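See the structures that follow.
Look for chain A in each of the two complexes below; its partner is chain B in the first and chain C in the second.
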Partner chain A sequence: MISKLFQFLSSLRLTVVLLGLGVVVVFFGTLGQTSDGLYVAQEQYFRSWFAYWTPHGSTFPVVPLPGGYLLGTMLVINLIVAHFTRFKWTWSKSGIFLTHIGIILLLLGQLATDMLARESIMSFREGDTRNYSESSMDFELAFLRSAGSNTLDQVVAIPAVRLKPGDELHHELLPFGIRVKDAYENARIRLRAPVMDSNRPPAATQGVGARIVIDAQPPTRTMDARNVPAAVIELSGPSNLGTWAVSGELKPQTVTVEGTEWRLEYRSVRDYKPFALTLLKTTHETYPGTDIPKNFQSRVRLRNTESHEDREVDIYMNSPLRYGGYTFFQYQMGKEQLADGGRGTSALQVVRNPSWITPYLGCILVGVGLLVQFLMHLTKFIARRKPRAA
Partner chain B sequence: MKQRLPLIITALFALWILGALMPRRDPEYAFGAFGRLPVVFNGRLQPVDSLARNSLTRIREKDTANLEPAKAWYERPKILSATEWLLTLMTRPEVADGWKVFRVDHPELKAMLKLPEPNPAAGEDGKHYSWNQFGETGLKQIEESARNIQENKKDSSLRNAFDNATLGLYEAMTLYLRLKNTVHPQDTVRFASEIADYQKAIPAGVRAFQQRMTGSGTFDTNALTEVFGHAERYFVTLRGEPPLLIPPASGGDATFAWQRIGEALLEPSFGAPLLKHLMRVPKAELSPEAAAEGIRLAGTRPLSPAVGHWAAMADAFRESQVAGFNTAVAGYQTYLESLRLGKGLTKTAREQLYNSFAPFSKTAALYIVAFLFSCGFWFNFAEWSRKTSLHLVQLAFVVHTLGLIARMWLEGRPPVTNLYSSAIFIGWGAVGLGLILESFWKNAIGLAVATVIGFSTQIVAHNLALGGDTMVMLQAVLDTNFWLATHVVIVTLGYAATYVAGFLAILYVLLGFFTKVMNADMGKSLSRMVYGILCFATLFSFVGTVLGGIWADQSWGRFWGWDPKENGALIIVLWNALILHARWGGMVRERGIMNLAIFGNIVTSWSWFGTNLLGVGLHSYGFMSGAFTALMVFVGSQCVLIALGLIPQAKWRSFSAAAGGTVRTGSATV
Partner chain C sequence: MRFTVVTVVSALAWMAVGCGKDEIRVYQAPQDAPPVAAANPQGKTTQTPLASEIPGSAASGSSSPARSESSASERPAVPWTVPAGWEEKPASGMRVASYGVTRPDGRSVDISVVAMGGGAGGELENVNRWRDQIGLEPATEADLAGLRSIIPAGNRQVVMYELDGKKAVLDGKYPARTLAAIMPAGEMTVFFKITGESALVAEQKPQFLAWLKSVDTGGGGESAPEASASSSAPAPASPAAVSGGSERASGGGADGLPNWQVPSGWKAAGPKPMRLASFDIPDAAGNGDVSISKLSGNGGGLLANVNRWRGQVGLAPLEAGALAANSKTVATAGGDSGTWVELVGTEKTILGAIVARGEVSWFFKLTAPSAVAAQNREAFEQFVRSIRF
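Coming up: the complex of A and B.
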């Protein structure tokens, strides 16, 4: 029984089936991007164990498929078991060995990247300094209390996913409880028009919420738009503090509880760094007489008070800054900065990926492995032909 | 005699090719010299010749202008070179507007614009129309429908053939208008004297302008009106964003200092800073200090001498003065040489030579002829036929290679920078592989595959070139010769190799099913070829794909982003690996591998073209409905071939017992 299982797991037949399924999944995962957007398709087909392909317009899933995780895992198992059972090391197979080790490294590396890599955005105007980057997807509800000028702010941040209507949240540092009345994955804020909106009460009783209404929006899935979540919360401490509307579109609001001021903010999740970047200058060039971008470049000043580093760096396409385990890539640049007196804006993509080296190693191993193997084939082939041709 | 035949035939073709390289003399106007003059368009320095050819190709799908399209070729219709057409359009638009250079095919579009039916007696061929034939109402209709489509069908996959035809014509018209105002406003009568009047009016006009802006005393209204009257005309030419004609007086290699003729004319009166402000999009406020400085600097710049040269050329051509035109062109050339434009002038001269040589249309012709000779070898088994084919392919390969090198030199880039050049390069790679195969197996199979892929990729490239300039500048993210030279070249060679394997397999099926040419020996050698090429394809597509990942990691921190083009490349790798493993595991035999390899053609085409059609991701170039249809037809044809391949070999004409084994497969059988 077990030997049969091993036979199955190590078989070339399984390899061929897995490769074939790989072709199918990648194909459908690519098609899925046209209707669902890159992010959703990626989650559905590649970062999953099982997937279903739903044709455009159909409401129920039709084609069941293995997900990327399942295929990757099976391929790794197949390779490893095959090497322990079926394969015997010989010099003539060294290329295949190298190739397979490289493939395993690539698959594991991709898995590690999936688990460990973090991407965020650092966006600023010329002259601004940032010591944090912001998530491009996730929001958090932050309560901040200024703790005097010399010490850092006290911050309590609640991830957006924890905000479910009806839930009550408490935190030891907060002198009040939070009851979630409404939560929106994507919403737009607008000023309440007293006549037109006469049948809609304001979103909340306190702060700016008393003057606005929240329009729920369908969640967006495209690459170039993002969801802006919103929520209505009720704060109750020693006294009732009323309801508050919070949204990624709103500026911070202030709540006063027993003489202390708390700042209330629904913002992108932040990742603080032990160093700071200052945007000094942005450059945005196009080819003469066209709109084709030629160069985006940000000149930044990097300061680390701990290591006493202070230097200026240029970040541009294909030339990122690698520092402190992070890599900063030129991502977007505002065009309107050309106006006189206006300050240029720049957004840097910030990536932390501890396993970034694996693809490099994997590529070298597989490349060399395939080359060795095929060159051996070729030389043998030519050697065999020669005496006949003569 | 038969032994010499291959060399004689090849030598004749070589002479034909060399003939195209000979410089041609202009009988009257120096169009050749004029075509070499540099302009900046699409962000790059190019000869007028390229601007003319690319624009005309965009408008009428050919790089010559046939003024009498209703006449058959033997009736000798009047055909102009692209340069002559462009020069006429720029200097005598009233004449060019009557020439039938717009190609319109869609019947509904023709009906909407009330364009005449074919009628040779009246000079109508039903395909080509002149600017005047559209009329005011036609122009308005086209503009409105195009706007309507752009707004209501933003997603280009929603557009139907009529929409695409409308947009295509609208773009062609926009380009035509852009070109019209390149040298001077389109209603100019004598440009040189107009400029002289303008220059005379500048000093007084600028003084009046400065007095008015600073509020210091009274100013001469007449002087101001006169300068502004000129200036308004030049501003209007700028609105169409014409090509940049005027080189910087300081010379140098850089293209960003080039100016449109309108800018060069406006600068002497407004001064550089003020003009820059006036042309800014979007409009912005000027700080009081900057405004004062701009007003102070008005009238301090001299007029570029290049403007005068262009005026002389334009006036002479408009007045049909052959000698005057030729002297003016020579005069401008001397001026340009004094400017030290770096390698600019050499580049434009060589690009013109490249254009007129048209290496890839020559190789396409050679590939067809060579293919016929390789087929001849299988049916009458004459070695001279194979040799002829071999030499012709070798000749074509040399020309193909030279064409690639010329493009690389002109662009200063590795061979593949866009879809057009990828087609050229896939063809080159496949022909190279075919020649290698032929050197091992001397049975014309490698030659047949080389010529078929070589020719088909030229057809693909030709159709891609209808979109205009094939050497456009690269977006910032692609602007790296290192990755273009490694990732792009290697992955494209991977495509080429997968196609070679697929076409070898097609040959196996077609020759096997329909002819008695195939026997066990030839089948075995084909299967070895496919295997060897597949190994090569796996290596290249794998390494190329992973290098692409590393590039992505270098430029935006993500090794693998599941971008459609990445996925396409990954599918090729997976498919090739699948075929190899299936063979090693004994799951498929000769015929099975062939069928899998034919499917590889579908996989590769999807990766090469299909992923770009999806309209998502970093490599998408928008939906091309023509390409989509072509892709579907190709996929369908491959499916038919696979179906043929699935029919048991007993029913094939070859391999069956009746076929007999009288086929010679070259001097070395394996």
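Coming up: the complex of A and C.
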């Protein structure tokens, strides 16, 4: 029984089927991207074990598909099992061996990238200093209080996905429980205009929530827009602290519990760095007579108090800053943003990918393996031809 | 052995999925630097605290996330009729609604509804900001009266400014014109504004006026904003605001009036200049009159108003230091406190309460023959104490 299983797992037929299915998944993933957008399609078709394709406008899943994780895992298993069951090490097959190792490295490297790589955005105005970057997709409900010093905050951050209507959340560091009354994936906040909104109660009883309403919006799937979530939460501690409206559009609000001041803020998930960047100058050049960008350039000051580094760096297209395991790419610099109060603004894309080296290594191994195998065949061929010629 | 390898790889792959993304994170982080001053869509630093709490696209700079734009059909219904030819635009920042009209030759107008807290910086400041936008010199307080007109909006009368720019500020080719109506609503002020190329604004003026007329202002009517009290054309008040029985519906305030309990026997009175509401107290010995009005700022000063009232009942004015001894503090149900005065003249008595709230002062005043005032003193005080803004 087990030998049959190994036979199946090591078969070349399985490899071909898996690669064929890979083509199919890429095809339907591309179709899905047109209606659902890149990020949703990525999650649905490639970062999943099983997927199904639904025609646009239908709610009925039509084509069941294996997800990217399933295909990748099966390919790795197929390769490894085949290697151990059928492959016998000889020098003459060292090229194939290297190629296989390279492919396994590529597959595992992709998995590691998927697990470990993080992309975020650092956006600031000229003169601003940032020691954190923000997720472009994910939000968190952060509760902050002073950590006993004037410069540090104690932060308890609840991911947006945990905020589901009706749920109650508790944390040992929070002196209150959180009951989620409403949660919106995408919503717009505006002042409650008494004439227009006389039939609508304010979003919440406390803080700015008492003066606003929340308009739910359809979730966006496009690349150039972003969902801004909102929620209405009820805080109950030693006493009922009322309901609060939180949104990615609102600034921090303050609630005092047993003499301690807590700030609550619904914000992009932050990734703090052990160093800080200050935006000194933005340069935004276009080709004469057009709006076509010629050069976006940010001059930043990099300061690391631990290593006592303090230097200025230019970040521009194709010339990112690589520092501390992060890569900072020039990302956005809108013209209208430049006009904002006379101070230029810049957004840097911050990428952290500890496994960035694996695709390079994998490709080198595959290349070297194929070359070795080819050269071995070539030398054998030439050696065979020589006696015949003689 | 081989099977173990396979199992380990599979297990690792499984663990890779959904790892740690849903966990509550606890960490210490450096405190944020204080935020930079927010700017409102008009480009000036805002005065209202609420504006700084609600970052619009302009307020939060580049960190402001892009929003999805919903189609018109997904928007909540608006309490007005949108004139034909007006194209809906996505509302942003502090705008409640946004419309536009564009002509093929590039001329365009922008129509906006903006709601702001309190007096939104004051009438003069707003008018001067609009003047500045179309290249006009600032006006003075004295000029305002000549610039404003009173127009109907829903079942109310509101102040409108028509500002006609002469300079070619649009693309260096066209002069601009602005029509702006100001509607106080509870603690907020709503601005209806059309601005753009001068001739096109003039062409759209009938639509703009019809649009304002179509605004559903709710059941209650209200006079023009209190600032018009200083103008020569006081607006009539509607009795509808106070005719709805002895207690105003809670959660109201949509018409700008607080909630209160009307004592039995009081009758809602007809429109009177400069008043937000009036009541008659019928009495054989002479009717009593209760007025409710609102003035911006301190309405000229507490002492000045008390002395004006004293003059009306034939009392000599008080010195500045004497007011405290001749008044007391009264607390309302809504938690506000005001100054309570009882000015008993030989024939007439005035009972008054002045409540300062932020940028406005409210005046509650009972004028009656002294005997009638005395009989109604308790009722009037209860009325004042029942007020909730």
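By our rule, the second predicted complex is superposed on the first by the 329 of 390 C-alpha atoms of A that agree within 3 Å, B and C clash if a C-alpha of one lies under 4 Å from a C-alpha of the other, contacts with A are read in each partner's own complex, and residues count from 1 in each chain.
Criterion: contacts are C-beta pairs under 8 Å (C-beta built on N, C-alpha and C of every residue); 3 or more make two chains touch, one makes a residue touch a chain.
Keep in mind that what you see is a predicted model, and the values were worked out from it rather than measured.
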item	value
Chain B versus chain C as contact partner of A:Val366, first or second or both or neither	first
First (chain B), second (chain C), both or neither touched by A:Tyr331	first
Partner chain(s) touched by A:Gly29 [first = chain B, second = chain C, both, neither]	first
First (chain B), second (chain C), both or neither touched by A:Glu140	second
Partner chain(s) touched by A:Asn295 [first = chain B, second = chain C, both, neither]	first
Touching partner for A:His377 - first (chain B), second (chain C), both, neither	first
Where chain A meets both chain C and chain B, residue numbers	340-341
List of chain B residues in touch with chain A within their complex	40-44, 241, 243-244, 255-256, 258, 260, 280, 282, 284-287, 290, 440, 472-473, 475-477, 479-480, 483, 532, 535-536, 538-539, 542-543, 546-547, 549-551, 553-564, 567-568, 570-571, 574-575, 577-578, 581-582, 584-585, 587, 603, 606, 611, 614-617, 667-668, 670
Residue ranges of chain A touching chain B (in the complex, touch as defined)	11-13, 15-16, 19-20, 22-23, 26-27, 29-31, 33-34, 38, 41-42, 46, 106, 109-110, 113, 119, 223, 285-290, 292-296, 316-318, 320, 327, 329, 331, 336, 338-342, 349, 351, 353, 356, 359-360, 362-363, 366-367, 370-371, 373-374, 377-378, 381, 385, 388-389
Parts of chain C lying in touch with chain A, wherever the complex brings them together	2-3, 5-6, 9-10, 13, 16-17, 19, 21-31, 33, 35-36, 39, 50, 52-55, 58, 60-63, 65-70, 74, 76, 78-79, 91, 94, 96, 113, 115-117, 154, 183, 185-188, 190, 215-218, 251-254, 256
Residues of chain A that touch chain C when the two form their complex	2, 6, 9, 47, 49, 69, 72-73, 76-77, 80-81, 84-85, 111, 114-115, 123-125, 128-129, 131-132, 134, 138, 140, 146-147, 150-159, 161-162, 169, 171, 173, 186, 188-196, 198, 201, 208, 211-212, 215, 217-220, 222, 224-228, 248-251, 253, 268, 270, 272, 332, 334, 337, 340-341, 345-347
